[in-house]
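Dropping the structure in here first, questions after.
Letters are used for the chains, namely A, B, C, D and E, taken in the order the chains are written, and counting of residues starts over at 1 for each.
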């Protein structure tokens, strides 16, 4: 029983990692950059929701929609203002940019008087609700995360696999020059991707808010989502989820059965082991240049 | 488009006036003016580093010219977004293949048709392409990056065909192709030109092929156009014969030692 | 413009390419040696930190800038060096020996990290080093008998076989010595076959291999050298701060180190120094600027990180080659004056190509 | 005039180094505003013996290295500073103190509750906050005894702060002959406490000592309530915070916390606190917190000493005076502070507060942790006895 | 194994998933000859090169080189054994100068000792000067003087091909593998290439194994030619023999020699 409860807890936590990892993978698949500001976008999304509910007095669901839209717009803006000017530079430059964006995002939120430095709660309708199923405690907040993660993953997977735009996004990440030659509007797609990933971040932020609270540093949880994405194979959407679940469950079990310290490093140990055994992750493509 | 009217050889579909492009401080082409008439095949000859690729890249908006202007179908497309230029019906088959290595061959072809919205036409052209290059059909699900060099070249050309453009810029299409396929490629190029009325601007090291297949030719040296004429006449020029067609009087080894360098300046 | 007529291959090999180099670098050295008598103590302390971070930066530069391997866990090596130094110095081991040990232990750890690096690259390597950084931090926390755990440990001042260096000036000169030594070692390495092998690996692994470069060996070597430099830097850091605790070597520190080399200018030794200067002076500049701003902004928490992030963004956007790149442009401008043409440094359109296939 | 750093004819320059942009920016900001409020008040009244107070604030991002640099900057800049007041964080203080002591700069009432703020003794070290260690040492055995509990657990943050609480609580339990049945920790910033709670639940704990700060406190308690695990929770002064109530809501009812200064509730009974809070509110447009009160208090203490020293302010004179100081309890309910040449930690008391009906209620008098001893009572049971022990 | 064979492949077979890229291919390369592989696109020529330079491992079969089993050597040892190659798609160190590229070619000839290098001892300096002299000889041979200090990234395609050849020569190989050396070169440059290959064979005494599509070049320089098709050996012999082999004409050369049929006038 205890074991099952731990696994359930691990799955719930894993879905959180997976959800954030989805955001990483999305950007990576479409632009081949790693967005170290994903956590901050998530934080901004949560603050948007908070603002919509407290300042504008929106009901919860409306606030959710508003926050997602606002963040999508923000993502577009971000792309136009800071990412686009260096489009085409090595991916690493963009990675550095995202560090900068992260700093600025966190700083700006912190600068808001009386709000930025505080921790807030988001009044979600299902707060603190639990289902008791045969002695197992199921947390509604976590169930919401699980459900949303599954749906998002399926939708994004389909987009990348079957839609022309999704394939074009991958194409421009693999060879931008060729994408231009084909008439793919690389810039527009790039905006779209950033908008999309900011929206995904907003969803993650809103789902996480009841679990981790809303505060300027809530984005740091993203540091655990990286290992999740890597374990699954960085370019794979289902991989992000599976990676998240693996890490969540390993964390949960090692937290209970192993001495202190293992829970917090479990994610990192798992990722190192994975990289030794299967360097491209579970679902990662086997990449080899043909000469 | 397959539905295009038969070729009306006449009006210039592409017109470069006084174009100058540079990489940083290095000027690669200067004062280049050329025209390609609708329905024609035009070719640019030139030795290594003459600036042929640079001309094509400037036309398709990959590099912005420092000076001069480029007109396509009467509209000024100087320094436009590459994507916009393609939408107007100008496709560039780049030097060095530039396939999408991690997409399947099929998806690569699909990307070639990105700007099109007529599904039926795309399906039809896909079949045409597969008929031209059956190996691509066999490998439709393989990652394009794993194709052999020549197969990738076929894919690059096919992608351009998939776009059903009005003008194709071809940068060394025969690079790395077997002799048999080189001929076939040129046949295909000529066929596309004849059957679909697609105008073609061709850059090719195989001058013999190029001069035979084209209507009009330009010779480029050190970034400047030094000669232009119909191909029929170019084929007869001594300089062309010697330097581009390899018909030297004496292939003596010693000659190379003091390198008779061609120059028109 | 300066034209140099070369008469000997040695001219290409020498570090100083012409007499101007010799002159200006000698002047710089003189100023640095005289610094304790030129600058106030506060500025000297800053300068000491700059030197320490330059050493670490050299290591980062070797790894990221020249070998093309990015580490997001480099603070771990800094930490290993710092703790090794602290433990040995507190045991009474003389400073030079402890410093060598700090470098060696870090290098050994670097080899261990380098091993997975042989199989993964790009983002995977980044995450592997990130993971490794967290694990080292955790070990420092848990291995209380040696590290003192979270409470941290105090470090005794350096003792060079009986000669105690407990003044700021003495320690500064010590750091200067180590920095100069490390810089020459790296410069020499970079003009030797090993340095070329690193660059080859950065540009194309497949052809490096076909040129007979043993990828595993050189990648590990790069990791080891980089870690050793970080370890030496960490050891000096431990002395300068005289108190170390595990959380000083966390992810934020690692990111700072990465930013340092990026802002300095990846792929140039100068960049390591310029980056270190930037990293240390930036917070000072911000807090100076604070007083000029209205209170609502100047005193607002978070200002520092906004400015920091904004500067970083500005650098990537406007000067991707970092401070060193900017300096090169200024220099060229001056040399060409008055013939400078406007388009000279116009950025070319460039196109991203997948790093996944390299 | 002597060449005392930071003191000039009409100015005393003080420095403080606080986290203004890092993980504890919120506390740092409130503390800074508290300090500044008192400075402004003093300057409006003409300063100290004709000298205006100037407070230089540095942000260290909760990073020891930056803290050292900031300290060096403060002491090296212009005429230097007379004292560092209320510097935040244990590691930051530990790293910076040697640097400033070299320059004979006092470390005055740091905003850190660790033993190293007053130990090992140093003439320039002056602290007023009972350490987390001592708070836990008093609170844990006391609640055990009071409620007749037998099994205690601890959940602590695995850093220097958590270690203080852990060691203190362990020492305290030892006085009543007990040990923790479960010790479990988490990393700073953790959000998932399910395994920790599961561990403590299966150990059957009745008292859980929390070496946690705000969010983790709430996270852990909420998780426990969901799992149907309802022991007594007690934390150090770090959980004594309005935020805990705001975030936690219902589940955190009943939580105990060790504390000294009481939260300045605006509708609080005492008039002086009310008018102080109003002043604060008008100045900063936000409600004061216990951090603001601590900042205000620290500056207030400094001013009192400086007044007492007289017009000839030197470091030596300040230290001499400080060694004789006794500060009566202030309006926030801070205990009496007494200092002596051998006693550099002013406060040796802490008390307990509990969340009742969404408010912190003080539920005990001050308890001294120095005089604590355990005695066998007539039944042979161990009892904690203290000269100060006095339950309400 | 006879001393005349520098390299001999026996029953080489490689399978990539469903594709049988090379199927039971055997051949011998004699010391001091130019041996050419031809064949239609996708015949498996480059794959054979990749097998020799150990980028791929054969599914079956073996390669012997100077009496050693090559397939047991790690990839980085190949250069040290005296085998150098060029790549079909050019794999240069883009962000380095031509000189730098060529110096890397000298890598195998240095016992690099990190400590000595850090102090840049006299012997390191001597070795550096020596490398430079070797490199300069290659630069002279291939007429690369004016590109010596240019960044590779900015060079035209044709020059890069030459630089890659030069880099391979700098490893001072005994066996040189050239993958389509003339692709992207015009007639005149191809002529130069032919002369160079002959120089390399005759003056430097290096054995050349080449993949090439330009039949003029092939006939000019090769001693023997092996034609492949779909991973299998189709024909082997002198250039003349192979060019007249019906299977080769059918699969590779195509039948029409005259290309004037392309002209518009003739349609």
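Going forward, contacts are C-beta pairs under 8 Å (C-beta built on N, C-alpha and C of every residue); 3 or more make two chains touch, one makes a residue touch a chain.
Which chain is which protein? Per UniProt: A, C = Branched-chain amino acid ABC transporter permease; B, E = ABC transporter ATP-binding protein.
Only a predicted model underlies this, so the values are computations on that prediction, with no experimental measurement involved.
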Other chains in touch with both chain D and chain E: A, C
Contact pairs, highest-scoring chain pair: A-C
Centroid-based (C-alpha) most distant chain relative to chain C: B
Gap in Å, rounded to a whole number, between the CA centres of chain D and chain A: 37
Distance from the mean Cα position of chain E to that of chain B, given in whole angstrom: 28
Rounded Å distance between chain B and chain C, as computed from the means of their C-alpha atoms: 48
Between chain A and chain C, centroid-to-centroid distance (C-alpha), Å: 31
Where chain E touches two or more other chains at once, by residue number: 46, 55, 87-89, 91
Shared-contact residues (touching 2 or more other chains) in chain A: 107, 110, 113, 117, 174-175, 177, 180, 216, 261, 264, 285, 287, 289, 291
Per-residue multi-chain contacts in chain C, two or more chains: 141, 206, 301-305, 349, 351, 354, 356-357
Residue ranges of chain A in contact with chain B within the complex: 164, 167-168, 170-171, 174-175, 177-188, 285, 287, 289-290
Complex interface listing, chain C residues touching chain A: 70, 116, 119-120, 123-124, 126-128, 130-132, 134-135, 138, 141-142, 206, 251, 255, 258-259, 262, 296-297, 300-313, 316-317, 320, 349-358
Residues on chain E engaged by chain C in the complex (per definition of touch): 53, 55, 75-80, 84-85, 87, 91-96, 100, 103-108, 110, 112, 114, 117-120, 124-125, 127-129, 131-133, 167, 171
Complex contacts: residues of chain C adjacent to chain D: 40-43, 45-46, 49, 141, 149-152, 154, 237, 240-243, 245, 247-248, 252, 280, 283-284, 287, 299, 301-305
Complex contacts: residues of chain C adjacent to chain E: 9-10, 12-13, 184-186, 188-189, 191-197, 199-200, 202-204, 206-215, 221, 225, 267
